[in-house]
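Each of the next two complexes has chain A plus one more chain, namely chain B in the first and chain C in the second.
Right, the complex of A and B next:
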């Protein structure tokens, strides 16, 4: 710690702090344009100049100067103000002053500083910028005439997003921020630059001219898409979510967001939202009132209960409170057939991790990854499924020189990072490589085996997985596997990342175990700063696991429920917040099940393809319309807050479950989510002692930053077998979408408007296809047609198609395999 | 002293003579208000549109909350007021809106005859304000 004096105030800060940070801590405001907490110091704007007693004679930029012992700092004086004013005058010489039409007006740092320093009139005159604006893309608008060259956009894009869209070009007065070849922006569209820009040079286009910042009601909530659980601040105007604001002061994940979080909100306001319950009459779904809908549901379920039983399948975007009520409802209905997210997709955690470590969650928190020395990402898709956690990995690599190893069947963004190494394997063989790494650690005596159960058995079982044998199978060089294993073993802090979700059902249990084995052998569980991260696909996947939304003893899981329904041995299905027809593997099976099941109730926010098959459709609430808590993939409990009223007569899932439970004779009378949460806290392992009211902006991580594991037991798992056809199709998540609901949001649709199949250049030239050509994919006797997208990401013979779009019919050929053998023709 | 009284009263008596009354026979005769008078608002037209750029400063500064603005983007990509309404029943004619306007798009005219038969007629839309 270092002691210094700022404006006569004694301050003690860490020696890594800068003068600016020290002043901030002491509550002293220093004006600044180019500083951002999450970026490295830069010193571009020269507004934060201060006087330091020990460095007399010139003014010192406070944001780049580290503190030293005994420093005496003055932050305001006549001279300093004069210099600051001059800096602003220089900026305003070229800056086009169009505040009345600039959407930043009201929260513009330059505007505030100009007002504060009374920079009027300007002593200098000069030519105003007259650069063309970039309005090519529908999400981010750039007007470089307003730029103050602080470089924040270029820095955030490089340091955190690791995309590198922007940089400074030209010199002197001509300097400006530009993209490659000064063309229109074409990037991930995460909008991090929008959130960083201190002026109106980079703005969100969907919000253009919609409102002034002071008119918006800001509601801090949690993004409803993936398991990252980023803080989103809803910008609400007249009961509509008009934009997503950012919160980098108190928000989780530093206020970082991806395209889904920042631009994927518009489905909430969609005209297609369900506003009234629907009941099937004479084969047609017609609007009705709640009374009739609930009567139909209750009588239908009562009848089904007396016959062959009811099955309940839920999605993982319900709040913890809603899941708790659903579980109670299932009990009231007397059924144990309760499951979420396709049943298969979370087995890596619930079975894999439970068998090996005795826990069912990631063992550490995201921010710890920033300090890791070695990071192993299983499947390159990790960035696509969890982009903001991906940004943490980027920071670890860029700032901490972390060594990143990616085991993948296709190249991805992670592979382009410095020091990143991609072990490019044939699809479906990740377990084999993990096994080989474990084998090499054990064989070389690098493994940590103290207090680990099952080492001898594992060693024997891994005899078939020497790096050489696996190399022959997977195409990854044996030396690379060995080197990766050694990297992981020698790291003091390391992380293993694996995402799970609906398109990744294959080997999910095996992958969980293999990853846990490797984690145990390299000493990750329980070690400070290290972690094994198994991250759920949806906003509350972890909550669903914590609350045990899984089949009861001898009850059916979701796959078996659909199987039973198809076979006619289940009388009713209740599907909540899920569209199995689009997103679950094997559409044929789901179709038959939905067709055959005598009574189908769907509770959703849209009339999804599944809902269209239902006997009763109940309109529910989106994440922006309800209160409660989500648990993210690092076990962080966060508050979801209602920003807008429900559309029409729609009800929250909470209210619907409460009504139904009452009708089934289990009247629950909670006063609200808070009361339900106290019940959850009392009955859920790990949640004990957490109070609803005490969940602050940073949430509460249950189990602590480092989750104590119950045991360390390595278990042998068999690897996959390569698919030996010339073409194989893999599926997964696209960066711009998440689940199926994002296909109703204009932001993600602006970038990826329709389904596609991605293939490498080599395959494209063999097949003689061009970008956009329709490719016919044939497998299991089914044919689907998808537009081709050609790039350099895919290895030869491997095709990738994202699973989000219903119209693609991808799950007609994808039935849960790691790789689908396909025949491809034009 | 007497002289001063006579002088003062002479002015008083002068005003009693015909032709010196300040009362105007309204509505047959109407006075022209001063240039600084704050009457009905007027949106200033530019050559093909209103001068207003929908910056929202007037509804923000308005103490009576009588101005409704909704901005939008026109075909040229410019910001313009899709809706601009002033509710004259709420307006207190303080003139802050005119003072706040950064582009001199709003002014107050001398029109003070604002009586009407329906409440809705007191809401002046953009078209009426542009006249």
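Right, the complex of A and C next:
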């Protein structure tokens, strides 16, 4: 620690702090333009100049100067103010002052500083910037005439996002921020640059002329998309979400968001939202009132119950409180057939982690990953599935020189980072590589085996998984497998990451176990700063596991429910917040099930393809219209808050479950989410003692930052078999979309409007296809057509198609395999 | 990545020479400047596909390379003529009527500062002092210097180069 004096005040701070940070800590305000907490010090704007007694003769930029013992700092004086004012005058010479129409007006750092320093009139005049604005893309508008060249956009895009869209170009007066070749923005559209811009140079286009910042009501909630659990602060005007506000004070994401979080909110305002219940009359869905809808549902379920039973399938975007009520409703209806998210994909957690570690959740928290020295990411570089957690991985690698090992079947952005390497394997063979890593650790005596059960059995079972044998199967060199294992073994703080979700049904239990085996053998569980992370696809995937929204004893899981419905042995299906027809593997099976099941109720916010088949459709609420809690992929409980009223007559899932449970003779009328939460806390392992009201801005991580594991037992699992056809298709989540709801959001749709299939350059030239050409993919006697997208990240013979779009019909050929052998033609 | 940005026509260009340059520097730190310089030497300018190639192989953002290319006057993103005509606009040459030499160039070849003839034979550059004030007004054609020029003499010089391959 270092002691120094700032404006006569004694301050003690860490020796790594800068003068600016020390002042901030002491509550002393120093104006800044180019400083941002999460970016490295830069010193571009010269607004934060201060006097330091020991460095007399010149003014010192406080944001880049580290503190030293005994430093005496003055932050305001006549001279400092004069210089700051001059800096502002210079900035305003070229800056085009358009405050009345600039969306930044009211929260613009330049505007505020100009006012604070009374910069009027300006002593200098000169040429104003007259640069064309970039309005090519629908999400981010760039008006470089308002730019103050602080470089924050370029820095955030490099330091946090690792995309590198911007750079300073030209020099002197001509200097400006531009993209390569000074073209329109063509990037991932995460809008991190928007959130960093201190002025109105980079703005969210969807917000243009929508509101003045001070008119907006701000509601802190949690993003409804993925398991990352980012705080999204809704900017609400007249009961409409108009934008997502920058907020780096709340939550786990440091103000970072991806395209889904920042621009994907628009589906809540969609014209297509369901606003009234629908019932099927004479073969057609017609609007009705709640009374008739509920009467129909209740009598339908009652009848089904008396016959072959009811099955309930839910998505993982319901709040914990809603899931709890649903569980009670299932009980009231007397059915154990209750499952979520397709049933298969989460088994890595519920079975894999349970068998090996006795827990069913990630063992550590996201912020700890930034300090890790070794990170092993399985199946993808994580950025595609959980972009904001991906940004933490990126910072660990870029700032703290962490070693990143990615085991995947396609290349990702982070594979290019320094100290990063991708073990590029044939699809579906991740377990084989993890097995080989475990084998090499055991064989070389590098594994931690004290207190570990099952080591001997595992060692025997892994005889067929020597790095050499696995190298021959997977195409990953044996030396690379060994080196990765050794890296993980010698790490002091390490993380193993695995994302799971609807499109990743194959080997889910095996992958969970193989990852846990490696974690155990390298000492991860229980070690400070290290963790094994299994991250769910949806906002409350972890909550659904914690609340055990899984089939009861001898009951059907979701796949079996559809099988039973298709076979005529289930009388009703109740599908909540899920569109299985689009997102579950094997559409034929789902189609048959929905067709055959005598009674189908769908509860959703849109008339999804599944809902279109229903007998009754119940209109539900989006995340922005309800209160409750989500549990993110690192076990963090966070508050979801209602920002806008429900559209039309729609009700929250909470309210619907309550009404239905009442009709089935079980009064579950709680006074609201808080009361339900106390029931959850009392009955859910790990949640005990947590109070709803005590869930603050940073949430509450149940089980603590380091989850205590119940056992350490390594278990042998079999690896996958490579697909030998010349072409194989893999599916998964794409960066821009999440589940199916993002295909209703204008933001993600602006970038990825339609389904596609991605292939490498070599395959493209063999097949003689160009970008955008329709490719025919044939498998199991079914044919689908997708537009080609050609890039450098797909290995030869491997094609990738994301699963979000119903129109793609991907699940006509994808039936749950790790890789689908396909015939490809133009 | 998006279909929102304008579609940029991809240039057809043989990347062998650029790849050879990159091969040479692949494992050297801070290799960007020499790589770009040698690519310019090989192609006469920096063609866009080579920028993407360098970005991919050296693992530098395309935007940053573009920043470097636009910062230094030595790099050219457009094809240049076989003969680079530098017209000195320094003080001495200016006094001795350098602007008339510029006009002559425009009249005879149809090009002005930073422009190249369509046949890629000539590129004009109006430069600050080239350090031959004693011979003002002066021009350089590639490495050859021509001093004490009049409009007439200038025309003769240009004619000579026009007649060459």
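Note that the second predicted complex is superposed on the first by the 824 of 826 C-alpha atoms of A that agree within 3 Å, B and C clash if a C-alpha of one lies under 4 Å from a C-alpha of the other, contacts with A are read in each partner's own complex, and residues count from 1 in each chain.
We take it that a residue touches a chain if its C-beta (ideal position, glycine included) is under 8 Å from a C-beta of that chain, and two chains touch if they have at least 3 such contacts.
Here the structure is a predicted model, which means the values were calculated and not measured.
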item: Clash or fit (per the criteria above) of chain B with chain C on chain A; value: fit
item: Which of chain B and chain C A:158 touches, first, second, both or neither; value: second
item: First (chain B), second (chain C), both or neither touched by A:310; value: neither
item: Contacts of A:188 with chain B and chain C, given as first, second, both or neither; value: second
item: Partner chain in contact with A:166 - chain B first, chain C second, else both or neither; value: second
item: Touched partner set for A:137, first chain B, second chain C, both or neither; value: second
item: Broader residue contact with chain A after superposition on the shared chain, chain B or chain C; value: C
item: First, second, both or neither for A:208, with chain B first and chain C second; value: first
item: Touching partner for A:431 - first (chain B), second (chain C), both, neither; value: neither
item: Computed vertex angle (chain A) for partners chain B and chain C, CA, steps of 10°; value: 80
item: Shortest CA-CA distance between chain B and chain C [superposed frame, angstrom]; value: 17
item: On chain A, the residue positions that both chain B and chain C contact, one per complex; value: none
item: Chain A - residues contacting chain C, complex; value: 136-138, 154, 158, 163-171, 178-189, 416, 750-753, 792
item: List of chain A residues in touch with chain B within their complex; value: 99-101, 105, 135, 208-212, 214-215
item: Residues on chain B engaged by chain A in the complex (per definition of touch); value: 53-57, 60, 71-73, 77-79, 102-103
item: Complex contacts: residues of chain C adjacent to chain A; value: 1-6, 8, 48, 51, 55-56, 59, 61-67, 70-71
